[in-house]
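Note that chain A is present in both complexes that follow, paired respectively with chain B and with chain C.
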Partner chain A sequence: MTRDSFDLAIVGGGPAGLAAMDLADECGLSCVLIDENSSLGGRIFHGIETDGQDHLYGTDATWARTLVADAKHAGSILTGRTVFDITHHDDGPINIHILGDEGAETVLARRLLIATGATERPFAFPGWTLPGVMTAGGVQTLLKGAAVVPDGPVVLAGSGPLLLLVALQLKRAGAQIAALLDTTPAANAMAAAPLLASAAFSGFAVWRGLGLLMAIRAQSIPVYRGVTKLVAHGEDTVASVEFEHGRGRRRFECRLLVTHLGILPDTQAARLAGCRLRWEPALPGWVPIVDSYGNTSRSGIMIAGDAAGIGGAESARHAGRVAATEAATQLGAISMGERDHRIAPDLARLKRLGRERAFLDRLFLPPERLRVPTDDGTIVCRCEEITAGELRAQAAGGVCEINQVKAITRCGMGPCQGRVCGVLAADIIADAMGAAVESVGYLRVRPPLKPVPLDVLAARAEIATPPPEAAFLYTREG
Partner chain B sequence: MRDDPDIPRFRQLTEGPSVEIIFEGTRLTVPKGISLAAALLLHGLPAGRIGALSGSQRCAYCLIGQCFDCTMTIDGVPYRQACLTPVSEGMTAERQVA
Partner chain C sequence: MQVVRRSFDAIVIGGGIHGASVALYLAFHGLDVALLERDRLGGHASGVNAGSIHHIPRIHLELPLAEAALSSWARIEQLLEDDCGFRQVGYLKVIESDDEMPDAERSMARARRYSGIPEILLDRQALADLQPGLDATAVGGIFAPTCGYASPARTMRALRRRLDGVGAVVLETSEVRRISRQHHTWICETGDKNWCAPILVNCAGAWGVSVAGLVGEHVELCPVALMMTVCGRVKPLLNTVVGLHGRRLSMKQPQNGTILIGGGYQGDVLPATRDTRLNGDRLAYNLALARKTLPALSSAAVVRMWAGIEGITPDHAPYIGSSLIHEGLWHCFGFSTHGFYLGPITGRLLAEAIVKQEVPELLRPFALDRGASAAASSRAVDGVVRENQDEQAK
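Presenting the complex of A and B:
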């Protein structure tokens, strides 16, 4: 079925997408917002529509609720739908193919804003595929979306603001935190120090971070610093966690290990749409090439928020407003003068927020020794169960381009399409070759973005070219 | 049926309306509106696929729709993500090899 045509389609109901929706409506555009979650809010405001947990969003709860309420009045909202393909012919509208409970549909739009946010950087170590290892964002999603918390001792391990925040949120929700294992290298603080003053005067991130550290201390969460050589032990599930720190090796019994190593832009939809990426050494990682209005290398397609580079929720909101205003200008709804007048405060704020981000990026920069698992037996591709050793063997044989490695080993060929293992595999190959990570490239994305029933695909001949890989197709009756 | 591994325990902070779902033939009472992955975790059940290669049990890992470790057959349709699917009255769910 083909839905109505819209001026603007937005993928992602986080702060970027929601703010864009509101602004686009103000400029007189017809718009639709699509999100695969069953409710709005994105990652940071996941669950904001359910009552009773406002404390989880701190002082942001008020503006987040307003953002959601305004967006709902600003156009059509399609939650519970995944965008699985984006096609675009010449001067015609952009076709956004979505899959939900009622089957597949196509949304037509004159402009497309990709606001798909971020994903967590993979943190691979021996045992990370065992049931009982979960990401910090995942455990936080259980808390925000379902008020579900771990029962029994929890160990958290890794680096980054989200890990600290989740440790505190779990503790306040009554979870038993056995230990917080901080893998941030001590040298990071020194390297970030010159950026501190400018960051502290640009926004609240530094102050919030300090508050977080003090709260963790006040809650008496045991923190171990300079942690390396993390291993999860257990037969079928996690039974204990072992690691090294300044004073030797230690082991904790626990059934839940929560890990985190920072976040990266979710570029899946951007790559599918053919937008060009560039290497961003500050993350380090690939980010889409966008101008200051959110325009990508593909005409008609824009990106805003963490999907365009990690900036955080407040940045995402401003970037969403900027992109929507730009779309309205391109479609002739407002003049360029009006655009510039409207977005001047947003652009100024984005510039200041960029300064605190530079500090945070440097402070939590993940070192290579955490990004590259040393043990050859460690699984890299969770779907196809390909190990670090298998990838290193390819590198030793001279195969050094990531799509070639995928074709030979099947690493990244499972249903997740390399969402988890893509960056990890590139790090391992680059390390083994002694080459720069960016020289290894990034995985190409093929439609469908997520597994789609065969009959859906058959009905859409255009999607079948190039032929999708077998892992993405299935028949409806098992 | 295989032995269920001892997956980590979870509990819910709030109390509210519930629905009934059927997991591999067993009726479960679960909180309304939460994801199937969260609902199974509350019952100490492995919310995840069986690895196609190793045959090992997986469990929901990212809970935001990225990793596919929560892949299950839901209401007869395979390859669905339990972390993105809200429970509904009478929903059936089975583990699958993937």
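Presenting the complex of A and C:
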């Protein structure tokens, strides 16, 4: 089924998408917002529409609720729908193929804003695929969405603000935390220090981060720093975690091991739509090429928020506003002068937030030794069960481009399309070849973005009447 | 710019299965060979196809070659030192209704007349025994036990290793942009390098006409994008490669449990940029046919869809043979949706033709000047004419 055509379609109902929706409406555009979650809010405000959970969102809850409420009045909201393909035919509208409970539908739009946020960087070590080992984001989704609190001892391991936040959220929800294993190298703090002054001056996140650390101390969560050589043990599910730190090897029993190594832009939709990416050494990782208004290398397709580069919720909100205003300008709804007037404060704020981000990026820069599992037996691709050793063997044989490695090993060919293992595999290959990660490239994405039941795709066909064939047009020149 | 000049006995343009095979066999004959590939070896049709290894009775020109091709796959491990994922699981064409029976019988008669490829006519019961779970309304099937499937990616890799092993020069990201001739030497230009040889073989697949055009030879070809779908792992459902007799469909289940669905349905293609686009309506039909044929597929999840670029000739048979206007130039392209399984055998025979200066019997039907008469007879065999449609199931 094909739905109405819109001026602007937004994928992602986080701060970026919500803010864009509101502004696009203000500029007179007809718009639709699509999110695979059943409610709005994105990652940070997942579950914000549910009452009684304000403690999970802190002081942000108020503005988040306003953002959601405003967006709801600004156009059509399609929650519970996953975008599984994006096609664009010449000068025609952009086709956004979505999957929901009622099957597949196609939304047509003149402009598309991809605001799909971030994903967590994979953290692979021996035992990471055991049941009971979860990422911080996954645990948080359970807390926010279903208010699930784990029973039994919990250990958290890794690096980054989200890990600290989840530790606190777990503690406040009543979980029993045995230890927080911080893998951030001591040298990071030194390297980040010069950036602190301008960062602290420009934003709140740094103060917030310090607040997190103090809160963790106040909750008397045992913290181990400079942790290396993590191993998760267990038969059917994780039972303990072993690691090294300054004073030798230690082991903790646990029922849940929460891991985190920072976040990266979710570029799946951007790659599917054919947008070009560039390597961002500060992450390090691939980010879509966007100009300061959110335009990508594909005309008509824009990206804002964490999907364009990690900036956090406040940045995402401003970037969403900027992109919506730009779309309105391109569609002739407002003038360029009006655009510049409207977005001047957003651009200024984005600039200051960027300085803060530089500090955080440097502070939590994941060292290569954490990004590359040393043990050859460690699984890299869960879908196809490909190990680090198998990838190293390819590198040793001279295969150094990630899509070739995929074709050979099937790493990244499973249902997740390399969403998890793509980054990991590139790090491993680059490390084994002694090459820069960016030279290894990134995985191509083929539709569907997420698995779609065959029934759904077949549903639109009439079995008795084949669709018209393409005519064969022979040429003599090619 | 310093132009580097290198000389060889033969240059092959195009690193698909045909270019790689003919280069390998030329090297076996002792020739010093260079293989020039614009993108990556196996980066186009040859690496992304459905991997079906079976004949197409409709194209009777091809049947004798098809028979030889099937034997060559049975021995692929001796040739490439890798089994290439070849599994001789047979090929089953399901007959959907009694109306199709006469045509099915004609098709079998054709296979018998032009080749010794064994085919068995199955009744309802035999069909259900051979492949449980099929649509209950199916009335029978044609089963060809010597057919099967192989892994295209793995085959291309094995070819690459063998080429390296015999010392052939394989150059990727080397597009031939200009071809000239001095005395009896062909000069192929790829950016800053000139590659020279007295023998030139055009194996450029869907771009075969462009390469032919570089030397002023004009043949007809239509570039198309063929679509494929893969479903995530499911329990074992398919014992053999399954297609339909009367409609286009092909399904197989490799050992990893995924299901590959194809049938030669077309997307859109921009040959110059090598961009392809999927066509949702035709894909939906392809999947609906798959589900009708094997209802258990209903619960499968589609995890990936793509299209590869192929060249189709007016009579749906490839161009294989010497140039009509130049000496020392050979063409081998336009495999019209069924060139993967013909790769190893064609490479062997074409290398023989080049070295001995005599085209073997099996390749003669594919000469560039086979002309309109051959094309017409190929299409009209037994009154079956299918315009714009290739019954072959992929």
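Operating definition for what follows: the second predicted complex is superposed on the first by the 454 of 478 C-alpha atoms of A that agree within 3 Å, B and C clash if a C-alpha of one lies under 4 Å from a C-alpha of the other, contacts with A are read in each partner's own complex, and residues count from 1 in each chain.
In this section, a residue touches a chain if its C-beta (ideal position, glycine included) is under 8 Å from a C-beta of that chain, and two chains touch if they have at least 3 such contacts.
Bear in mind the structure is a predicted one, so any value in this text is a computation, not a measurement.
*Asks:* Using the superposition on chain A described above, determine whether A:H245 touches chain B (first), chain C (second), both, or neither.
*Replies:* After superposition on chain A, A:H245 lies in contact with neither partner.
*Asks:* In the overlay, answer first, second, both or neither for which of chain B and chain C A:R208 touches.
*Replies:* So A:R208 meets neither chain B nor chain C here.
*Asks:* Touch check for A:P447: first (chain B), second (chain C), both, or neither?
*Replies:* second
*Asks:* With both complexes superposed on chain A, which partner does A:K72 reach: first (chain B), second (chain C), both or neither?
*Replies:* In the superposed model, A:K72 contacts neither chain B nor chain C.
*Asks:* Once the structures are superposed on A, label A:D455 by its partner contacts, choosing first (chain B), second (chain C), both or neither.
*Replies:* Touch status of A:D455: second partner only.
*Asks:* Now for A:T87: first (chain B), second (chain C), both, or neither, which partner does it touch?
*Replies:* It touches chain C, and chain B stays clear.
*Asks:* Taking the superposition as given, does A:T135 touch the first partner, chain B, the second, chain C, both, or neither?
*Replies:* A:T135 sits against chain B, while chain C stays out of touch.
*Asks:* In the overlay, work out which of chain B or chain C sits against more residues of chain A.
*Replies:* Of chain B and chain C, B contacts more residues of chain A.
*Asks:* With both complexes superposed on chain A, which partner does A:G414 reach: first (chain B), second (chain C), both or neither?
*Replies:* both
*Asks:* Of all the chain A residues, which ones make contact with chain B and with chain C?
*Replies:* Chain A residues touching both partners: 384, 414-415, 451, 453, 474, 476-478.
*Asks:* Quick one: which bits of chain A touch chain B in the complex? Just the residue numbers, please.
*Replies:* For this pair, the touching residues of chain A are 36-38, 43, 50, 52, 80, 82, 119-120, 129, 131-135, 137-139, 141-142, 145-152, 173-174, 235-238, 255-256, 266, 382-385, 414-416, 419-420, 450-451, 453, 474, 476-478.
*Asks:* Mind listing the chain B positions that touch chain A in their complex?
*Replies:* Those residues of chain B that touch chain A are 5-14, 31, 33-35, 38-39, 41-42, 46, 48, 51, 53-54, 56-69, 71, 73, 76-79, 81, 83-84, 86, 96, 98.
*Asks:* So in the complex, which bits of chain C are touching chain A?
*Replies:* Against chain A, the touching part of chain C is residues 40, 47, 153, 157, 206-211, 213, 218-224, 231-232, 247, 256, 266, 268, 271, 277-285, 287-292, 297-306, 312, 314, 388-389.
*Asks:* Looking at the complex, which residues from chain A come into contact with chain C?
*Replies:* Residues 85, 87, 89, 97, 384, 404, 407-408, 410, 413-415, 417, 446-448, 451-455, 457-463, 466-467, 469-478.
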